[in-house]
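The chains carry the letters A, B, C, D, E and F, assigned in the order they are written, with residues numbered from 1 in each.
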Amino acid sequence: MKIHVVNPNSTASMTRAIAEVARATARKGTTIVASNPAQGPASIQGYYDIAACLPGLMAEAARYRDIDALVVACFDDTGVDALRAMLDVPVIGIGEAAYHAASLISARFSVVTTLPRSVPGLEANLRRYGLMARCASVRASNVPVLDLEQGGPEAERLIAAQVERAVEEDMADCIVLGCAGMSDLRARLSKTFDLPVIDGIGCAVGFMETLHAAGLSTSKAGAYSSPVLSVSA
Amino acid sequence: MKIHVVNPNSTASMTRAIAEVARATARKGTTIVASNPAQGPASIQGYYDIAACLPGLMAEAARYRDIDALVVACFDDTGVDALRAMLDVPVIGIGEAAYHAASLISARFSVVTTLPRSVPGLEANLRRYGLMARCASVRASNVPVLDLEQGGPEAERLIAAQVERAVEEDMADCIVLGCAGMSDLRARLSKTFDLPVIDGIGCAVGFMETLHAAGLSTSKAGAYSSPVLSVSA
Amino acid sequence: MKIHVVNPNSTASMTRAIAEVARATARKGTTIVASNPAQGPASIQGYYDIAACLPGLMAEAARYRDIDALVVACFDDTGVDALRAMLDVPVIGIGEAAYHAASLISARFSVVTTLPRSVPGLEANLRRYGLMARCASVRASNVPVLDLEQGGPEAERLIAAQVERAVEEDMADCIVLGCAGMSDLRARLSKTFDLPVIDGIGCAVGFMETLHAAGLSTSKAGAYSSPVLSVSA
Amino acid sequence: MKIHVVNPNSTASMTRAIAEVARATARKGTTIVASNPAQGPASIQGYYDIAACLPGLMAEAARYRDIDALVVACFDDTGVDALRAMLDVPVIGIGEAAYHAASLISARFSVVTTLPRSVPGLEANLRRYGLMARCASVRASNVPVLDLEQGGPEAERLIAAQVERAVEEDMADCIVLGCAGMSDLRARLSKTFDLPVIDGIGCAVGFMETLHAAGLSTSKAGAYSSPVLSVSA
Amino acid sequence: MKIHVVNPNSTASMTRAIAEVARATARKGTTIVASNPAQGPASIQGYYDIAACLPGLMAEAARYRDIDALVVACFDDTGVDALRAMLDVPVIGIGEAAYHAASLISARFSVVTTLPRSVPGLEANLRRYGLMARCASVRASNVPVLDLEQGGPEAERLIAAQVERAVEEDMADCIVLGCAGMSDLRARLSKTFDLPVIDGIGCAVGFMETLHAAGLSTSKAGAYSSPVLSVSA
Amino acid sequence: MKIHVVNPNSTASMTRAIAEVARATARKGTTIVASNPAQGPASIQGYYDIAACLPGLMAEAARYRDIDALVVACFDDTGVDALRAMLDVPVIGIGEAAYHAASLISARFSVVTTLPRSVPGLEANLRRYGLMARCASVRASNVPVLDLEQGGPEAERLIAAQVERAVEEDMADCIVLGCAGMSDLRARLSKTFDLPVIDGIGCAVGFMETLHAAGLSTSKAGAYSSPVLSVSA
């Protein structure tokens, strides 16, 4: 099968890193096509960026027509509902993929994300999905998205500090990394804290393969029925 | 004060009707400026339209700079979070305005909206706002938005039928009209069923006047802090 | 329009202060009539006072017959349900008014109130209204209601300390002042912490004006239907 | 031990019936003292009556000083919070007693009460107690409280009709009778529908005996701490 | 009446202590029969033990046929649902008994239990019962169940430390002891912290006496209908 | 990888059917080992069977030591928590697998299961998982598990009738088949009603492959930490 992984921000280096992670978990026979809009926010940090990246994201989704599934590689799951209505193939965001995976292997997961301004949006998603019931906390590391790109010990230190507090104070037994740019840290944090650390990209790819194998796609019988296009011009 | 009322769809006749309702409840001294994007969906029916109207909506919001408040005149409250981050003035959607008003005058309100595909999005909003606790049901009348424009007895009959079921089956004691295009029916339905029927437009205008008089505006200390613009091109 | 603002405690100096705040936000053409019971608790601190002030509150509400709306100027919203059933005009408590206003301008508000014993009652209200979903915390300052009357730096210091903890520990981006006697501090706290601080009195007045302009009043079709008086004697 | 059972309405015949039911389940050694206010609503039907009966209820509670526990024999649990703060002995309402008992013997209970106007108040109680999670429905029989006094086949028929719908439509496996005046019907309805039917009076008495035997009483460490009396006159 | 109190673990000394507590609150005329499985986990600490003790627990329940009620004397309420389906007499777990009792005498209770691994199971129970709405926190003392048997100042110190934090940090006004082995500490902790401290054993016994006096038993009309035995061999 | 699929009931023909469905969605390279206890309930219908099958289920899980994952092929997800603590490999129930899959492709799913007595247990699971937020209804078809084995038009007719009601009355846009024995009907029902119909077996297998590819397994840092075996004998 062919999975289109769209990074909704316009930072191409991030898209390349995302594609690499996606390919690392994809099964043989799965092709990963990764892309990002040429224009739009360089990173998605808060509600304005979530909305501002939509036109580019939807245009990217429309560009690739022979795909079997679309993954939105932004932890805010921006545009997922609109894309489910727009496309006939299944659509998953990496945020929801990570939360569902965490629910299958832990009793209480915590999310460690970038800036405080993103926390309410993630919490709103968790409530809508119902999975706030499984979430111990959503914590901000104060590391901006694009600083993750450069990596370095300071970003990792700040993120590890929040993982530690999630374990100690919130009794989390599993950590969800709340940004597509944190994948690099996954294995190391998991080893340091001796608990599962989840990155949503690989989970989203695997869930798509599962839906594909099970013959399942987005329901067109309700909220996601195809839009009657009524665009004036 | 000056309130910008944006209809996020591109149907100018609907904007005119909205402006009229807004002006009817505005206090003396309040100026209503109403506009709509020239392009984009002709009506907002479901998740695709909600996303597709955003660029036009945000451009309209950016066009008027000397305003004191912005009302999103779409019952889905599309774009409200992004606009709160983008603007320094308060932003209210007519959906949330109607729900808050209903909470102040009734014990259990029901929403009667247009197509079934819009119901899950409205329910998701109500859950986020917390006000699902006050909502008896969200019912679809199967009347498309643009059919409301033409009015006629059939649309009214279908809507009244759902109001009746909300009262009889769901024990609603108040009805919220779930589309900016239903304002015309408000007074008549209220009289027929002898209970309050709420249209969000006037409520949103009044709430803005209240916030203005109380010296309150959107918090810039958290989720709605001004975006660091990072648009690549 | 004419709004009756009832302070349910018997402290007349507090009623005068409340009336002043109400008049400051009322639009031209709105008359504020403020009163309090001659007898009953001098302040409302906990469940006993909430019940003990009811006879006086209801008698005050019955005394003024030519009013268009009634505001209960006690942050516990005591008696609001009974008054909605008893009167034909809309009734709002300043607690609910403040919570609804906070929901329109922030993502997560915290309440800072007087004594710890009042916290569970406020939380119970927030749950009933559904707005606990928007509330980060309800914090007690340990300042008794009547100490607020005298003001002074110590009361303000204790309240500011809880505002600070709400912002730091609970990630609140908006503060609701949890007592009618705290109005004085509003502007200063808002400036100090650079976020919206809400006092319910002005909000309740503005919401009443909004309902009035929109032709809305308490539903008499359900929980608030007029009582069949069956008082024995 | 000595349990004071207060009927908060002023209908003495109802008080006698309540006392009889209370004595039927009380253990040997438990004395039941039943009383009602001489004045106030003849029945409690909706929010107005709930508030209007409070002065009489609190005066009755203050009249008997050598008691070990107080039961509020009104299904709305009116005044329970205030009485917990006012008294040093435990206080239970028959509504909460019935809900807790139902939670111990069934998976999904339904409540069948008197008038529709009482339903929202009962639902609000169930939400506060948390036990809405166990409740399949709250149904109104349209039988006014005082009609229950006279009994007769019509009242029973209307109540049985709602029991039947609760079982068939709401999948209830247990029925809670939502009025102190329905106790007579308990045994017969239980036999007809072959499932437990609960009347709160006996449950409240037994729970008081349990608390007494376990050495437990209302916590005075938080919401129910004794009021600092500050009544002006 | 005759109440069978089953300790689902295989530690006979613990069963003896439980029986003593049960008898201390039972009314005259109530016989307590206490037993435990000869085999199975020596203590119930986490999900594995909860499942592993079931065969022994169910066998014990089947051994005593002339009883009127069965109490599961394990704070996890293990097996309660299965036993309700299996037996015709009422079944209560000491966990749920304690939570219901706490709900009747306090506004916010906290649970102090043994190991952290038990916390998620207790929280899941509280959510199912609905009573998480009344629970301020579930705290682990890090004292293993069998260490409680030996008692000693260290176990008590660790438990008291969590009680203190529940009061200070979580605003609890009532403490529920989260293990059948903590009964000894009840009176002393209650005196030290001047608030009610609840042990579920006595509450469960009293609730059984209440159900018995009220003629109530487990509903056989739904989830707890008697199993159609279909055991192959 | 090697996945052990355990049918917790003792009906070997059902195990064979389950294995077939599991193999149909498994990727090349995945080995499915299916087994069932020789003894225990022939089908799992309600809380008694859920508990009664546990010893056999746990013994089966202990028999196969070289596996990479364990799937509990019973829609009640019986024993999943205990097995997560007991084993070092990930454990998923087919109920939770189906709910998570439904959450990824629909807005509101309904469950159609066998007997009414199973409904409260499934609803309790959905609440614990948080996914009740996504569930429109859990409906019983009144078809016993073992009747599904024989199939025939009557069982299918009864199940289809509930699917129809879920779509019409509950606005479901996706159906989850609530029993491992219903897999046969999946494709036909999906075609008839033109919406996704989900069987949990294939989803559980695919999710296991995903976790395996992503290097994730059950957290041993909290609720699922390995038991300290303390079995007396």
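Operating definition for what follows: a contact is a pair of C-beta atoms (placed from the backbone, for glycine too) under 8 Å apart; a residue touches a chain by one contact, two chains touch by 3 or more.
This structure is a prediction, so every number in the text was calculated from the model and none was measured.
Undergrad: Which chains sit in contact with both members of the pair chain A and chain D?
TA: The shared contacts of chain A and chain D, listed by label, come to B, C, E, F.
Undergrad: Give me the chains shared as neighbours by chain E and chain F.
TA: A chain counts here if it touches both chain E and chain F, which gives A, D.
Undergrad: Most remote chain relative to chain C, going by C-alpha centroids?
TA: Result for max centroid distance from chain C is chain F.
Undergrad: Please tell me the distance, in whole Å, between the geometric centres of chain A and chain C computed from their C-alpha atoms.
TA: 42
Undergrad: Give, as an integer number of Å, the spacing between the C-alpha centres of chain F and chain A.
TA: 27
Undergrad: Quick one: report the Å distance separating chain B from chain E, using the average Cα coordinate of each chain.
TA: It comes to 51 Å between the two C-alpha centres.
Undergrad: Going by the contact rule already set, what residues in chain A reach two or more other chains?
TA: 107-108, 116, 119-120, 127-128, 133, 171, 222-224
Undergrad: Provide the full list of chain pairs in touch.
TA: Every pair of chains in contact is listed here: A-B, A-C, A-E, A-F, B-C, B-D, B-F, C-D, C-E, D-E, D-F, E-F.
Undergrad: Using the touch rule from the top, collect the residues of chain A that touch chain F in their complex.
TA: By the definition above, chain A touches chain F via 25-28, 90, 92, 96, 100-101, 103-108, 127-134, 167, 171-174, 187, 193-196, 198-199, 202-203, 205-207, 209-211, 213-224.
Undergrad: Hey, which residues of chain B end up touching chain D in the complex?
TA: Contact set of chain B toward chain D: 107-108, 133, 171.
Undergrad: Would you tell me which residues of chain A are touching chain B in their complex?
TA: It comes out as residues 10-11, 38-43, 45-52, 54-55, 58, 79, 81-82, 84-86, 116-117, 119-121, 124, 127-128, 146, 222-225, 227-228, 230-233.
Undergrad: Can you name the residues of chain B that touch chain F in the complex?
TA: 116, 119-120, 127
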